[in-house]
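Below you will find the structure I want to go over with you.
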Amino acid sequence: MSDTTIEKDPNKPVIPVMEREKLILNNRSYNWITERICGILENKQPAIWWMLFIPSVIIAIVGVGGGLFYLVSTGVGVWGNSNRTMWGWPIVNFVFWIGIGHAGTLISAILFLTRQNWRTSINRAAEAMTIFAVVCAGIYPMFHVGRLWMVWFLAPIPNANAIWQNFKSPLLWDVFAVSTYFTISLIFWYLGMVPDLATIRDRAKPGIRKLLYGIFSLGWRGGNRQWSHYEVAYLLLAALSTPLVLSVHSVVSFDFATSVVPGWHTTIFPPYFVAGAVFGGFAMVLTIMIPARYIYGLHDLITMKHIENMAKIILLTGTIVGYAYLMELFVAFYSGAKYEGAAFFYRIAGPYWWAYLAMMSCNVLSPQLFWFRYCRENLWVVMGVCMAVNAGMWFERFVIIVTTLPRMWLPGDWKYYNPSWVDIMTYVGTIGLFLTLFLLFLKFLPCINIAEVKWTLPQSDPHHDDKEALDDQGAESKASYQHELPDTSY
Amino acid sequence: MANFFPRWTNLLPLKIAVCLIFVVAGLTAAFSYYATPKAQRVGYQPDQPIDYDHALHVDQLGMDCRYCHSSVDKSASAGVPTANTCWNCHEHVQKGSPKLAPLRAAMGVDEDHAPIEGAVKKPIKWVRIHKSPDYVYFDHSAHVNRGVSCQSCHGDIHKMEKVHHDKSLSMAFCLDCHRAPENHLRPLEEVYNLDYNAEKYLLENEIKNEEGERVTTQKQFGELLKKNWSIHPKESCATCHR
Amino acid sequence: MSNRKNNQPDSPVNAPVNGGSKIWRSLGELESTERFQDSLDREFIDGSAQMETEEEREVSRRSFMKLMGASSALAGMGLAACRRPESLIVPFTDSPEWSVPGKPVHFASSMPRANGAVPLVVTTHDGRPTKLEPNKLFDKHGGTDSFTQASVLDMYDPARSREFLQNGETSSRAAFEEALADIAKPTANIGFVFGDDQSPTRSRLATELQAKFADARFFHYEPLSGDARKEANAAAFGDSADVVVDFSRAKVVLSLDSDFLELDQQGPVSGFFKNRFIEGAGYDKKANAKAMNRLYIAEGGFSLTGGMADHRLRIAPSQVPAIAAEIANQLGASYTVKGGITLSDTEKKWAAECAKDLKANAGKSIVVAGTRQSRELQDLCIAINSLLGNYGKTLKAVNTGRGKHGNMESLIAALNAGELDAVVLLTPANPVYDADGFADAAKKAKVIHLGLRADATAHAADWHVPAAHYLESWGDARTSDGSLAAVQPLILPLYNGVSEIDLLLALLDGKLFDSSKEGEKTSVSYDAVRKTFAALADGSDKSWLKFLRDGFWKASYTAATPLNPVSSTSITLPAVPSLSSLEVVFATDGSIYDGRYINNAWLQEAPDPITKVCWDNVAVVSPKTAKDLGVYEKILKLQPKGKVYGIETENAGVGPDGEGKDHANPVIKVSVNGRELEVAIMIGFGHADNVISIALGYGQGFDEHDELKRGPKDEKNVSLVSVNRGFNAYALRTNKTPYLATGAKAESANKRYSIAMTQEHHAMYGRALAREISTMEHDHHGHKADFAAQIEGVKKQGMDSHAPENISLYKQKGSKTWHEKAQADKHLYDERQQWAMTIDLNNCIGCNACLVACQAENNIPVVGKEQVAMGREMHWIRMDRYFSAAEGDEDNPEMIPQPVACMQCESAPCETVCPVNATVHSEDGLNTMAYNRCIGTRYCANNCPYKARRFNFFDYNKRNPLIEKNLYKGPGGKKAIGEAPHLQRNPNVTVRMRGVMEKCTYCVQRIQAAKVKVKARLKNKATLAGGSSVDVKIADSELRPKLDSVRVACQDACPSSAITFGNLQDGDKAKVVRSRNSARNYELLHYIGTLPRTTYLARVKNPNPNMPGAKGIGRATINMH
Amino acid sequence: MNTKRVYGYLAEFKSASALYKAAEKVRDAGHKKWDCYSPYPIHGLDNAMGMKKSILPYLVFCGGTLGIITAFTLAYTTQVVIYPTVVQAKPTNIFTTAAFFPIMFELTILFSGFTTLFGLLALMGLPRLNHPLFESQQFARCTDDGFFIAIEARDPQFSSEETKTLLEDAGGSNIELVEEPAP
């Protein structure tokens, strides 16, 4: 079936209405969308894909594979940690990746609940990013322990020793939170993909592709009796994920907030971590989506509107984070607790002042550019800021962990911390791993939610044709579900 | 176009799911049984250089545990008899028995117990049966001196012609007793009496508890002893791990 | 495997004096039939047969390892494997005396030392000596220092000398015996060089030797012996006279550059510390400032004694006599000082007031001079003391009866003059390395060297004889007060070494005793020692047994009659050191003494008490001098200030030397006595200007890995432990300048040398951690506080002055915040025992005795320099020490040590965060650590405010951390399994594997042992009662360990009885409870509310109000809030 | 020879609106066993088809409840009943429950999530890889841009003629009788 463009009747009176910005430009047809998105994984990948993929794989294997093998065979000592700084880079990276892993589910879930329809173009990629980020994150706490082979002690399974876990430990909460988060995100992501997998299946020639996509699309038929359940399920998952997202990073923050360490022991941590996570997550989404958009020519699907909205969220969350930073300082000063004050003093002025400076400028200052429409619309600026934020979020964790531990309570044990080359190698390795997984995702899975994007097209409205009678550009461009739902897109 | 997947594939997922459930359940069951000390240790019955017969010595000849395991009530380790402990009797008993060749070698004597010139005494190498891990510090004296019998952990040694590992001796095993010692406590005089039977003992000697009613079962008896001897077994790590 | 004899000592401490043993032995000796001899000789090897597995064979180089008749004996040889291999139990054929499988046996022995033997109680497990404790029978308050504690490791040192060496080449025992035969001709001129320790048997043999070898000459030499003092004493009190100091009687002590509390001991120090307790040694009196003695010191660089001092005068050591003279003059003498310093008014006042104080306490005072200080000072010291009439009261001049021996100078002279055919070196020193000029002179005679280490001398000598460690050999010694001390072997010589007495006997009767040969009697030196004892004490078996059992025999030197101390009344001093002519002080090293302990990994890793440097020595200079030398641009401040975004503020930034693994100090080139040395330099707070103190003993050999490319050089003289360690200050030292050399030059060498420190920040930064008060009234902006008020104020120093009381939501029974409403299960709280510890900072001097004792007791691994630099040292006790400058002069800071170990918090932050319940609270108030449950998340350590937890980042116990980069080779690294030090392990403590957390456990193994012991009381009671045990009732109170009977390792070792440990349930009867009730008692970081069970008692300074700067003393923390 | 089994009629509609109207017609015609197929969920089609609301939410609620109970039981029994341990002087009784909340929450979510997944699959009758509709050539486009209505032969109202005309009247184009090979 061809393009459904609406030819107008010249005798009809024109009622002038403000043109409403469209989510999908140029009145694309269903088929165009299908072609465009499936094309990405049906056609050969552009050279740039290989140019990114091959190095990523190598880095991942050497960094993660090699690094961890050396670590396990030799001992945690190959990392830079010491009796003074028991948690160094590994936990910094863990929190960093977990943070990144928050945008995806958040975009899908919260924006879905709040009927932000612009999410449809980006949520799939964002969710994928979540999964991969959590995979990277999970590596650290796991390999960070001294006796990897005893890690099963963390699982509450009956044993001959008749001894159990300590359910009061934030670390155990963390184990549960992160694994739950990973599972739910995976389910959410996969369910969302089923109809699209079916699309690919139906386009595929009989063969291995058809077999695999066939299996993973579970025999989806797109009947309304499936759709109605499907939508309820999706709504439920969204409703479950939203508090989950908030909880997970709160629990991660408990690792610090429930301790007695000066500079960690603060009630502001949960909200501040969550905001930070959203902040960093969105930045990461943009950092990977902007190039993807360019490479695969998705300009009509991922419009400036999307990018601008995300820029606004970054601005908002960035400001929240900035507020948290300042609030910490104020509380430390106001509490009059010498040790608390000192902890923050050493963050700002101690041996790691540069980290604090980097954090502040990247996380608090750089997003302020987004006050200006120009900066929100100039992709180079957006890209730049997002890069800065990514770095800044890493530094935030560095500041929290590495600058606090070497200057804690007793000056007698103060000692500078340096990461080892293995630390660095492993971190770079996880970046490689992340890219590898994401590139594979682009190659084999629909990176944009086909069904939902079609859903946002004007003609998807069942009453679309009726309204052809009164020729109302505004109305027609605005699908009926948008009449009925609370309109909060701007 | 025809269906890509044949019709039988429709039930396949279900079948796979069911199989998985069974496999996983089976593996868990197998692991949780075979990977426990119970399955690993109980029944371990190695050959000894001299097939020493506890049944004979203890049950028939009525020797006391402490004759050979002399440090059981003094030290953490019960101690394995030195060769000359055996020699005390076997210098005269069972002279020249082939079974005792290792003992004679240890004492550096020949068949008719004449010392061999310049013989190097070869100690008897017993094979260890009960062994707690290196990080477990079990103290025999602490237990036997508080009314816990050898039997509680080693089983009916006195009936064993060839000793085997009788109880699991897993941490859970220890905890069971530490949590409910009353099931094992017995009068100090009876600790080394492996034929002891609580009910029988209580029939023979009349024992009353605070309330003045007669104690008849091990449990009540244990409770009484626990109270009299103020026994509070510990469950904290440092009790056994240092 | 060769047969060997039972060389167990006769009678253990924990045996009855006239025990059955006596009979058993005498019976045996009576009918010394072949059979009996066999059993006596052979049972041990029999027991030991062959090793079972490759590993076990490695584990024990020697048979005795298999002496364990017991199952538990192998425990602690590494964490368990999950599936056990078939293991064997090999009992003795005949069970040896005293041995109850799994029970340690304690024997009394003693360690011969130059400043008097240290009576010890040695713990042996299955024939392996594992731990040394002070012999409390001899001195109730006595302790041991780190050297003594660590000496047990020396015995197991795998690098110990095992071979006879001829001209540095491996030779054989037989060859040596031949050589000995033709050296030891009666006509030969043989020179015997002894150490400074006193051994009656040796003295007796010396006379016999004199008789045999008419021309034999005797010398004594130790590099730090200090001939000046000996000469001065000889001049004053006659030959071989010495002065024993008795601090217990002294109210005022003046130390003239003497570290008499640690490295320069001149008498038992327990007396001094007894007078430091202001509430009495038992904390049973009311705090009374009068009860406290007062310590003045004039010294160059900080010493531990200087840290204790109430008044410390910072002055170049060469100028100390000036002060002494001033004081003497104040006391009525008339000395004129030529050259040297002109005392400033403050210094004059200092001397005057000090003199006044001394005078006021005439007869109750002591003046001690640094052993190696100049003759002038020694004479001055004697003069002052006699002016004060201290001799016969606080000072005892005694005749040690050593006889007139030559010293190194005369030895070298004799050698050069060719008066000696042979020299027998029996001194623990290493003269080729540490005596200037000996190496060349020695070429002129045959040199026989007896030593534990194959060191420079061993390789240079014609013959080197591997020595037996004192724990392996029979001998005797004299304590500082002249009592006889027994030296008993706890084990056969590991490497078949020869004891000093064995060698002397060999020279006498030409037959060298071989402990490994069959059919010999126990030991020839045994007889020799007994003979001596019979002569000195009495010959009866009873007293001999008592001697061996107690480890000492009370006796004393004969008092020496004071000749009239004539001495020149005019003193000439070298010029005051200046930048152009610096003063170099050859300091005694806090870790390896004079270099003899350089192979001892424990001592090497123990941080220097003052500089906190491990594994190296450094040249210490004052901040000002450092700047003047152009090494640092600006003076390194004690509490550095830094610019924070333009604002100048106090800031513990990273110093110019870097921190952690980057820490590298600048290297300077020192030239003096026409020699040069490149040495790393370090800022020493409170150090005299233009003075460079360099500790002796390091730099004995280097290999290709050396950081400064000094190697390979003398590689064969050193072991893995001692290679590439520090800088050899002996190179600068001559016999003329044994202690300090003036006129030195120094310039930057534009190099850096990496330094591993356990503490890199030296100030408290306004945190009232190690608290201090003063007996003197405190006046702070008009707020007056007398002593009593200050004591009351201890708990309110620092944050605690305004932080509100911490109210915990949760309340645990027994905790301060407990109330009956909160239900805690019975099994979580023990009515019988609740353990606690107090550390009295008023007595703690910050030596490393506790630290090393803990290492010995708890199988703590050594990690090596690199790891220490990274902050991965494993010591369970972190010996923090803080400098605090009184307002105004940063140049004269005070030094306050603070040992920090696990505090066993009642509300321990580490516990709640462990996800696997590996560290939970025990019912008796311990914060237990189950190594086998730990997975190593390290969260606990993060959450520990005291940073008292240590993590096994590598398999320090399996992989030898001292081999270059070995730890980082993983499975490829060299294993250390079965190296001799593993035999020192305490079988009652798990040896931790890689990846688990560890920390102080209050020596839980000792606590458990005590608990088990009391469990036997039920049986005893039942037995006594007769009848059925059922009717026996035993109360909780009866099952409580005996009052103060549980003593932890650090407490036992502490020479100043600063550590008190005990059971809170004992109430006031327990010393620990009384000390906790002292007003000086405070909790470290009280305001977090961790309720630590280990608490500190604030330090009290006892300044003389009239002294200059007295106001500022004892004020380290008092104004903090 | 292979007999074929009739599945039903499949008709295509040109747009969502068309499908919507057609659905209403079919519903009014009283058909039961039929369904509308579209590449994306069409809003309001449930009413147009006269379907009931999904029961999934109730299942998920049960799942969640099970989760929270599991978590609490696990934590409480192990920490208070079986092996109470004192950590940081915290109580070993019911008052310690506060510390269990995070895990109780997480398990609630986890269990709900799983119930959603498996509940959904059950309700949708998936996975089902083989379906008669896949026999139809044109049906493949339903996941792209096709809108279809299929009325099954099992439907009581089904009759080869009327159904066909019904679909034609509803505006269905290229109407096809879908058959599958008999088993």
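Letters A, B, C and D name the chains as they come in the text, with residue numbers starting at 1 for each one.
Note that contacts are C-beta pairs under 8 Å (C-beta built on N, C-alpha and C of every residue); 3 or more make two chains touch, one makes a residue touch a chain.
Predicted model, so just to flag it, every value in this text is computed and none were measured.
Chemist: Quick check for the class: compute each chain's Cα centroid; which one is farthest from the centroid of subunit C?
Modeler: Using the mean of the C-alpha atoms as each chain's centre, the farthest one from subunit C is D.
Chemist: Between chain pairs B-D and A-B, which one is joined by a greater number of C-beta pairs in contact?
Modeler: Of B-D and A-B, it is B-D that has more C-beta pairs in contact.
Chemist: Approximately how many whole Å separate the CA-defined centres of subunit A and subunit C?
Modeler: That pair's centroid distance is 58 Å.
Chemist: Where the centres are mean C-alpha positions, what is the separation of subunit A from subunit B, in Å?
Modeler: Each chain's C-alpha centroid was found; their separation is 57 Å.
Chemist: Any idea how many Å lie between the Cα centroids of subunit A and subunit D?
Modeler: Each chain reduced to its C-alpha mean, subunit A and subunit D end up 28 Å apart.
Chemist: Give the residues of subunit C that touch two or more other chains, as numbers and ranges in rising order.
Modeler: 909, 912, 914, 917, 920-921, 933
Chemist: Going by the contact rule already set, what residues in subunit D reach two or more other chains?
Modeler: Residues 83, 85, 87-88, 90, 127-131, 140 of subunit D each touch two or more of the other chains.
Chemist: Using the touch rule from the top of the page, what residues of subunit A touch 2 or more other chains?
Modeler: 162-166, 168, 170, 172, 214, 219
Chemist: Spell out the part of subunit A that touches subunit D in their complex, as residue ranges.
Modeler: It is residues 1, 4, 29-31, 34, 156, 162-168, 170, 172-173, 176-177, 180, 183-184, 187, 191, 195, 198-199, 201-203, 214-215, 218-233, 236-237, 240, 243-244, 247, 251, 254, 450-452, 454-455, 459-466, 480-481, 484 of subunit A that touch subunit D.
Chemist: In the complex, go through subunit C and note every residue touching subunit D.
Modeler: Contacts found on subunit C: 808, 810-812, 815, 822-825, 828, 906-909, 911-912, 914, 917, 920-921, 1091.
Chemist: Which of the residues in subunit D come into contact with subunit C in the complex?
Modeler: 84-93, 95
Chemist: Contact residues on subunit C for subunit B in the complex?
Modeler: Against subunit B, the touching part of subunit C is residues 3, 35, 38, 42-43, 45-47, 49, 69-80, 83-84, 86-95, 100-103, 826-827, 830, 918-924, 926, 928-933, 988-990, 1001, 1004-1005, 1007-1008, 1011-1012, 1015-1016, 1018-1019, 1022, 1028-1036, 1039.
Chemist: Where on subunit B is subunit C touching in the complex?
Modeler: The contact residues of subunit B facing subunit C are 40, 46, 71, 73-85, 106-108, 115, 120-128, 130-131, 133-135, 137-139, 141-142, 145-147, 187-189, 205, 207, 224-225, 228-230, 232, 234-239, 241-242.
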